[in-house]
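Handing you this structure, nothing more for now.
For reference, chains read A, B and C in written order, and residue numbers begin at 1 within each chain.
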Amino acid sequence: MKNGIFVSTLMFVLLMTTVIPGEAGTKPIRLAYLQSDIHQLACWVALDKGFFTQEGVEVEVAGIFKAGPEEMSAFAAGALDMGYVGEAPSTTAVANGVARVTVLAQVNTEGSAIVVPEDAHPQGLQDLKGRRVAVPGHSTVQDFLLRKAFKRFGVDPGEVRVIVLKPPEMIGALRTKQIYAFIAWEPYPAKAQTLSVGKVLLTSRQIWEDHPCCVLVAENGFLQARPQEARAVVRAHVRATDFINRHRESAVKIGVKYTGMDEETVRLAMDNVNYTYRLSVEGEREYVNFLAQLKYIKTDDVGAFVKRFIDQDMLKEILR
Amino acid sequence: MRWERYILPLSILLVWQGLSSLGAIPGHLVPSPYKIILGFKDLVTIGMPPGHLLHDHIRYSLYRVAAGFGIAALTGIPLGLLMGWSSRLRGMVGPLIELLRPIPPLAWIPIAILWFGIGIKSAAFIIFLGAFFPVLLNTISGVVSINPLFLEAAKTLNASEKDIFLKVLLPGSIPSIFVGMRIGVGIGWMTLVAAEFTGVKAGYGLGYMIMTARDIQRPDEILAGMFVIGVIGLLINWGLRICESRIIRWR
Amino acid sequence: MSGISKSYGGERGGERVPVLKDIRYRIDHGKFVSLIGPSGCGKTTLLRIIAGLEKASSGRLFLEGREIAYGKDLIGLVFQEYALFPWRTALQNIEMGLEIMGVPRRQRLGAAIEYVRGFGLSGFENRYPHELSGGMQQRVAIARTLIMKPRLVLMDEPFGSLDSQTRNEMQEFILQVWQQRGDTIIFVTHNVDEAVFLSDRIVVLSRRPATISRSFEIDCPRPRDRTSLECNAFRRAVLEELRKERKIGG
């Protein structure tokens, strides 16, 4: 008698646990973005204005990262479903087989800068020779841009001491002369300027015009299991990007909220960023080739890799 | 039997490699031992970040640990001897030591960077903090636990306080001092690698190497690097033990 | 050295445990005196007070008419546990006292080597204590003390940790050394045979709080035969005294 009750209770509980959470869409989407990275303003706009909810999905912020590589580690560990991240770190992670994500939409192009001390009189990039320059991490977009700049302006990378610092630490290190220059995403270059600690030596536009920077990615397993939700997120992203381009001032206010920096800095930062969702396959090819040259990744078929990595169809459908 | 100590690690490696080859272990999270060996080869030949070779990373890390540990020994041993000798000094300085000791060296990193910048000085400071307390406490213990019989024997030979300190307390506490040094350098080594995670001016160091391997998503190199760190820690300890047995021939 | 008199009375210990009570005695220069008594009666305490390692609660000690100046006068003490410094070789242990005194190296070594030879330690002088047998270690300890030419030699059950054969050898050894040098020796033991074999006088201490209950003059001529009738007679007398002490204590 007792046994019978026990068994049926157990079965009931098991039944409930399998039935109830099994429905797709009841688990919120785990989304990530980079800390104080003004490129990813669309994410904040969508969150702030409830675009995700309006598109019918529930999103939770599952991680705010100091730099792209850290976010990719979280993807590798299966802790994220979708994320706003730099194209370079995501390419590296996928090419090295560590994470499995697909790019669904562009987030921005340009929007970084090399910053030198306020009182410096640089003749050009040659000034960095023999000096210490900070990047947010190896195989970040900024690291990539810096080396591209070396190539373009004929500076031997061996003569520059590149070190890794997290962007919040860069301004302090510049001020105390621990480093001569840094390259970071906006709004850090803007902040250095408004604090009168540094000035811009080169913007990323000057290094590589209209270069793709941040992208919106989805984890492949999630993408396969819940494609409609992924689509909803991309739709919200498109709306948010349009919003930024049409309602600049409101976007500034949201930027202030999520970076904690003042309006002047945010405005200056946003001027350096190009918010768009249009994908650039050419740009990605460039990334792959360059990263392979740097020996960060090894690929055999660049074309096939890019095709797998970027999903252009979803965006095309949404924009139609 | 000497070979018995290799059975366990070897079997683990074999099982691991087997499971990896069969695909039972996800390769992107846990590389197979073979991949790790290849990763080690890359660390030596290509370097991480590319161009920064393993032996240079090792050199910088050793240099930092030597600096931090050297200062810890030079301050900890004399202070320990004095504190062991004078209970009054122990009473005065002891509470401060006990207050500072539980603070993990890594918690000092932000302050260290603020005070010393991102160069070797802040790394040496962090390592100093890790190594100092074991050295100090073991030295004190060495002095305090000297068999009082030896002190009495010295007194019956009309030894002055100074004689007792130099000829009895000092030689008598050397074994404990060595224990303190071995523990201290071990902690210093562990702390170093973590300290190098955050900002390294020179661009070299084993901790920095591992962080870069993480950034460039090379878990095989991460694990190979960890192995190198473990082996070096082992060698340092072994080296100290050899020094110890050379110096202490009276047991 | 004309004589030592100890007039001394003591209450000691935090709990006011009386250990020694009004010890008065006089020892003549060059004599070999044994202190014997029931276990725990305080003979070691008395010795340590004489050595200067502990303070008497009351009473004074005189050496040749003056009070002992610890730190200047050297009162040698040989421990039961040898107390050799383990980080020093036999030779270095022996010369320790001279080193403390500031004697220059050459002289120190010369003197120490003489003792090494004289005490049968040749070939072992560079060994560390843990490499030496018990008997050898004690010989080193004795050498370490005697090389200082102490005013007084105290020995606290020095052969207590040795096996009986080594013990007998050491007794003969110490007699030999004493007869050559003429030191004044106060020898603590609980072994009556040993005391009878070695001493000019045996002082029996009572139970705690210890006083001197009786003192025996052993006028057996030397060299002594352990098994002789005379020795036996003395042994019996001392044992009897000790038995009395135990009975009194109940």
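Descriptive notes on the structure:
Simple rule for what comes next: a contact is a pair of C-beta atoms (placed from the backbone, for glycine too) under 8 Å apart; a residue touches a chain by one contact, two chains touch by 3 or more.
Just so we're clear, the structure is a prediction, and the values are computed from it rather than from any experiment.
If each chain is drawn as a node and touching chains are joined, the picture is a simple open line. Each chain gets a centre from its C-alpha atoms; the one nearest the centre of all protein C-alpha atoms is B. Of all the chains, the one whose CA centre sits at the greatest distance from that of chain A is C. Taking each chain's centre as the mean of its C-alpha atoms, chain A lies 87 Å from chain C.
With each centre defined as the average position of its C-alpha atoms, the distance from chain A to chain B rounds to 38 Å. Our note on geometry: chain B versus chain C, Cα centroid distance of 50 Å, whole angstroms.
By the touch criterion given at the top, residues 149-150, 152-160, 163, 167-168, 171-172, 174, 248-251 of chain B touch chain C in their complex.
Contact residues of chain A toward chain B in the complex are 67, 69, 72-73, 76-77, 89, 92-93, 96-99, 132, 137-140, 158, 161-166, 169, 173, 176, 178, 294-296. Residues of chain B that touch chain A in their complex: 27-29, 46, 49-51, 113, 117-119, 198-203, 208, 211-212, 214-219.
Taken together, the chain C residues at the contact with chain B in this complex read 51-53, 71-72, 74-77, 79, 81, 83-88, 96-97, 99-101, 128-130, 144-145, 148.
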